[in-house]
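Look at the two complexes coming up: chain A is in both, with chain B in one and chain C in the other.
On to the complex of A and B.
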């Protein structure tokens, strides 16, 4: 008795561990507030919003298609292989099983990278080949096959080969004998292999991350790109729906036979039959219908505009999704939209050219690097008449990275500064020194990117943030190392949620993010330190290998329209260089806010980043890694 | 007859060569060459820089600890599960796979919400006037994330070998006068070794190479070898160094494979 109680408690503890995060996610899906750190009351609105969110529904559809197709193909190839391997002699069997174990045991990251290298190498032979849906599918099949083989093999071992031979002796054809005698025996293995493969494909992130191309997103990659900005609550709603429906099916299938132990045998049979029909017929049928219907829907979406499209590569959460819809509606050009997290992660993708982007939105120093490496095409400004809305001063400022204003059109700009919580910091903050104040140990959020982190340290010591002086850099490194024990976390956009939620007292933040956080938590104050800081511009550029240059320019012209730029400003809250749009801002306080539109006295002490060349890139990276691994 | 059956391996053989063997060769190629395609061992030597050695050491330590915790948690669990009747246990086993239907990233992020300073767990603790739990952004949070994510991969193989143990063997031992402890140490434990080995490798290898868990739960303050490799590929764009480091990691994978082949002589695989 005690033993079984102990067992129950233990099971309960493990289940709590496994399901605590899931319950959290389910609760979050009913949270009416947009940030995960604040409970804004109960609401079911994300469930309705979910079905209107085309991005997420597309990602869901891609995920399910890839999971289903890859699991089916893997089940077919894997089952055949298992039967074949069984018939091999011991030596070959060991070789085959070793090969099978490779994707199972190999680190996801190695598998993903090795497949990416293969696909990119394929481009040498087939120039038109590019990373996309097909490459993800091939990769998923590859890592799914071993699961099927390893599920089927044990069952095959248990089947007696004599029944099969008896069937042959009685005149059955090999195929007939297989399906009537062997297959029913191994079916549990095949179906559990299929289920595992499906689940693994559904849950994979790393391999998809490395093998996917533009415009193809599974739920995993979509979520990863949202991590930095805060997950969209619709995602929680979707996961909850998925989870609950699978749970429901499981309960249905598993409890049915159990209740019936007491009931009459006949009924047991009935229930089992019902469960069988549900599991073997209805579910697969529903899945096939969903996929086929989705396929028609999907291809109709893609095909109508296949010739007229523009591939945009932008920062996460850096455009109002409605703007894209409006553009598609007005022009009939479909926008294939993809997001990146940092300049550094964007650059290799554009350089590799595995995906031909038409329009990219990097920051100043990265644009300089792209120009120097001959990756950019000149913009034909005749196609962008709305450029008149962009303030002259921003083009002047752009000259630091685009000397002749030929390659870029400013999109957003701002400063980097300190955001602090009035209730946690008593003093007046006007210097970077607060980031080294031991009073705030474990209360400090630093930027998790090389240049931003060094900019803080360099400026604090009174140097240029484009320093190429090794002694200065060494000094900055020492400062950052000294700071590390005080830092709570290195973050990019998560600083937003954490500051709103009072998780930290001080954080290094972009001015645009500061405006949003202040609207959510009025205790937050933004300052540009007296030692000076970074002023940055993110601008649109057109890569050399763009396939739809004119469409890209049409999109640019659309973005420069005053009403559209204003709409974007409302959504992303980053300062707009579009003076006509600024005039449209109704809220006078915001229009004249020094956070959103810093005045000359602030800007004079700020510097723009410059590209420092590969050599210094490596030095910065090396120093940064030393800091991070300390 | 057997000849025909062997042909069924054909498609898989083709697939394995194209998508398993060749990609591995590509990694070797990149790992052993420099930017000008000359042979070099420089990329392998990358691992000996103090930062990378430290990242590798920390990864080994954390994944070792997580594997031990997983084993300690999973073994009794698998014993309990294997003692249940078939119907109930298949349901319970599915319960372990079920969480995977919620995205892995979301589940890990949810731990962030739970563990944060003002998070759910601390709210409950402070309500009960208990001391606060401050492990977010520390290695402890990463270990928790690893244990949480990889526990099923330890439970399932051990469960699979335990249910296969012939009850007659255990009964025979009892008849011959063995007590519970003896039955466990002399019968159950030795017979479950293959499951334990495959469980250990299934937990240790992914834990060793993860970069997502350390990123999300470690506040990007803690650099594991997986993070280093990921950065080489996606930030520094140094495929050669990244491949070289991947090759170093493969040493651990080869060791795991050798272990598995040693204990799984039938070649049937005990993973699932």
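On to the complex of A and C.
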């Protein structure tokens, strides 16, 4: 008695552990407050927002279309392959099974990169060939086939070859025998192969990431690109819906009546037969229709009739989607918009040239590197008259990475500084030294990125944050090691949430993020320390292989328009170099905020990052690794 | 009268280096129950599969009813097969199983229903139309497999060890069932088995095979009573196979003792093999037989006692309804017509199978 109670408790505990994350997710999807730690009351607004978000719905339908089509094609090819392999003699069968299993055991990232390389290599023969929907679909079919083979093979092995021969013997043609006799036997394997392929395709991130082209996003790549600005609650809603649909599918699969059950219970045969038809035919058919129709509907929404286009590659959440709509409406040029997460992930994609981007928005040091590697085209400023709205000082600042101001137009900029909570820190903060103050042990948040972390230490010691002096770097390393025990966490996005939720007292943060946090928690103060800091500029550049350079310049001109730049500022909250736009800000406090628009005295203390070359990249990374691993 | 229905000539078949059938010739008469009998690996199943069209011979051809069918696809042949493992279609009902071939032939619904009823009655399974295969016992499944084959009215029914998976009692029942079916349907049965008792019970003609060669063709009586070589003698029932010398016609010297026999034409002082069935040996008082020995083993087998008698350095296998305890001294007596003389094996496949302990 006690034993069985204990067993039940144990089981319950395990189930709870298993499902706790999903329960959390579901609860949060109904939380009307935007932060994760506060319950703001029950609300369905994220669900409404989800269905109104065209980007997400588009990604959802791309995902479903790719999953469905790739699973169908892979099932067809995989089943045929399994039959072929089964017919081989034992030696070749083992060889073939090993060969087909390798792609499945292979790391996704290897598969993804090799597929990308193959597609790029294809351009040697088809110069027009570019990464896009088709390449993602082909990749998904490729990695799905082994799963289908794997689930069909055991069923084929169980199926006696004699039933097939018996059918032939009774006069059936080989094809008729296959469909009438063999296929029903292996059908469970085929359908589980299909479902497996479908879920693998839904799940996949890595391979899609490497093989997708501009403007094609599946849910996973979409969600990933949003992570930079924190996951939006719409995503909780979407994940909840996905979980519920998978649950529903599973229940369907497990409760769908089996053939022999129908026959055993003849008295309820009629009803069961009808139910069977519903389960086996109607529901899948409806799913297919919804997905295909939805796909067409959303893809038609996304396209304008114009054949003119511009391919834009930008940071996640780095433009107001309405701006794109407005541009498309005004000019008839359709914008194919893709997002990246880091400069480092953007660079190889542009360099590989698998997708011909027309407009990219990298940061300062990366622009320098792209110029050095001859990846950029000069901008024809005659086509961008609105450039007059950009403050002269920002072009001056840009000279550190674009010495002749030929390649880039500043888009957003900001500083790196200290954000502190004045209820937890009594003193006036004006120095990086607070990050080494033992009073705030376990209350300090550091940026988890090598250049940002070293910038703090180098500046604190009075050196340049682009230092190439090994002694200075060693000193900075020692400082960071000394600081490590005091640090609560090395984080990227969570600085924002943790500071808003009073989970830490001090943190290193970007000024744009600081503006947002201050709007959520008025106790937060942002300072650029007196020792100086990093000022960064993200600028638009046009890659050498751009196909629509004039459209890109037209889009640039549009972005430089005062009202548009103001709209973007409202959305992104990062400082704009567009002085005309700044004048349009109604909120006086914000317009004069030193956080958003630091005055010259602050800027003079700051430096932009420069590209240090591969040798120093390696040295920095090595030192950072030493710190992190200690 | 007996018409030649299938003529198999010069058939050879090998898988890689493994020669399974070597230049095999055989004809099958209409309305006969012919059994291919031999140990596993002797090529009997391969021969059946060649007849069914599931294998193509490397050499030779098969004439069926005057037409060369060597390369004809299985679905075009006028014969049907009953497979060893029944091979019923598990996702169909019994009725659908039986109707399978008829539907392909485009028969009418009424015709098909009649045939299903008729076939189920024939195999004593009326009323099983709506069951599925997994609801039936092994014997029932086998009868359905037969019903499914015979509704197509084939000229020849091929049966590949159809009773192999059944237990003894069921197997015996099914043997009678098959004989009855064959007589009612009046078609040719080609039956493959390794079970000599099954072969002896049912067949009109037995073809004994070993290592891809036919060893002997004959009626069950011929095969049993007059095996042509040591392999056949050994494989069909139990035997004492003794090396012997043919002294002259009707006199053979076995283990140094002269035995009168009825065989002639082997020459004088020629080495031969002598076969004596264990039930043909009479145990008598010592001195009253041709040689004396001592009983060394005794087992009760139900119908008879099985004994081993050591005489002249040879363990004689003896079946008798009389019991002689171990240690009893006995005399061995054999009637001349119970001694079967065979020429010495010419090749490996004609040799007796070594007893595996």
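List of remarks:
One rule holds for everything that comes next: the second predicted complex is superposed on the first by the 544 of 630 C-alpha atoms of A that agree within 3 Å, B and C clash if a C-alpha of one lies under 4 Å from a C-alpha of the other, contacts with A are read in each partner's own complex, and residues count from 1 in each chain.
By definition in this document, a residue touches a chain if its C-beta (ideal position, glycine included) is under 8 Å from a C-beta of that chain, and two chains touch if they have at least 3 such contacts.
None of these values were measured; they are calculated from a predicted model.
When both complexes are superposed on chain A, chain B and chain C end up sitting side by side without clashing.
In the superposed model, A:84 makes contact with chain B only, not with chain C. Of the two partner chains placed around the shared chain by superposition, chain B is the only one that A:239 touches, whereas chain C remains out of contact. Judged by the touch definition given at the top, the superposed model places A:166 against chain C, while chain B stays out of reach. Of the two partners chain B and chain C, more residues of chain A are touched by B. In the superposed model, A:138 lies in contact with chain B only, and not with chain C. After overlaying the two complexes on the shared chain, residue contacts for A:181 are found with chain C alone; chain B is out of touch.
Remark: least CA distance from chain B to chain C after fitting both complexes onto chain A is 7 Å. Residues 174 of chain A lie at the contact with chain B in one complex and at the contact with chain C in the other.
Within the complex, the chain B residues that touch chain A are 1-2, 4-13, 15-16, 19-24, 26-27, 30, 50-52, 54-55, 73, 76-77, 80, 87-88, 90-92, 94-111, 113-114, 116-118, 120, 137, 148, 151, 201-202, 205-206, 208-209, 211-212, 216, 219-221, 223, 226, 228-230, 233-237, 239, 242-243, 246, 249-250, 253, 256-257, 260-261, 266-269, 271-272. The residues of chain C lying in touch with chain A in their complex are 52-54, 73-75, 80-81, 83-85, 87-91, 93, 100-101, 104-105, 130, 132, 134, 145, 148-149, 152. On the chain A side of its complex with chain B, the touching residues are 7, 10-11, 14-15, 17-22, 24-25, 28, 36-37, 77-78, 80-81, 83-88, 90, 93-94, 96-111, 113-115, 117-118, 121, 138-139, 141-142, 145, 147, 149-151, 153-154, 157, 174, 192-193, 195-196, 199-200, 202-203, 205-206, 210, 219-220, 223-224, 227, 231, 235-236, 239, 242-243, 246-247, 250, 254-255, 257-258, 342, 344-345, 347-348, 351, 448, 484, 487-491, 501-503, 618, 621, 625-626, 628-629. Of all the residues in chain A, the ones that touch chain C in their complex are 160, 162-163, 165-174, 176-177, 180-181, 184-185, 259-260, 263, 266.
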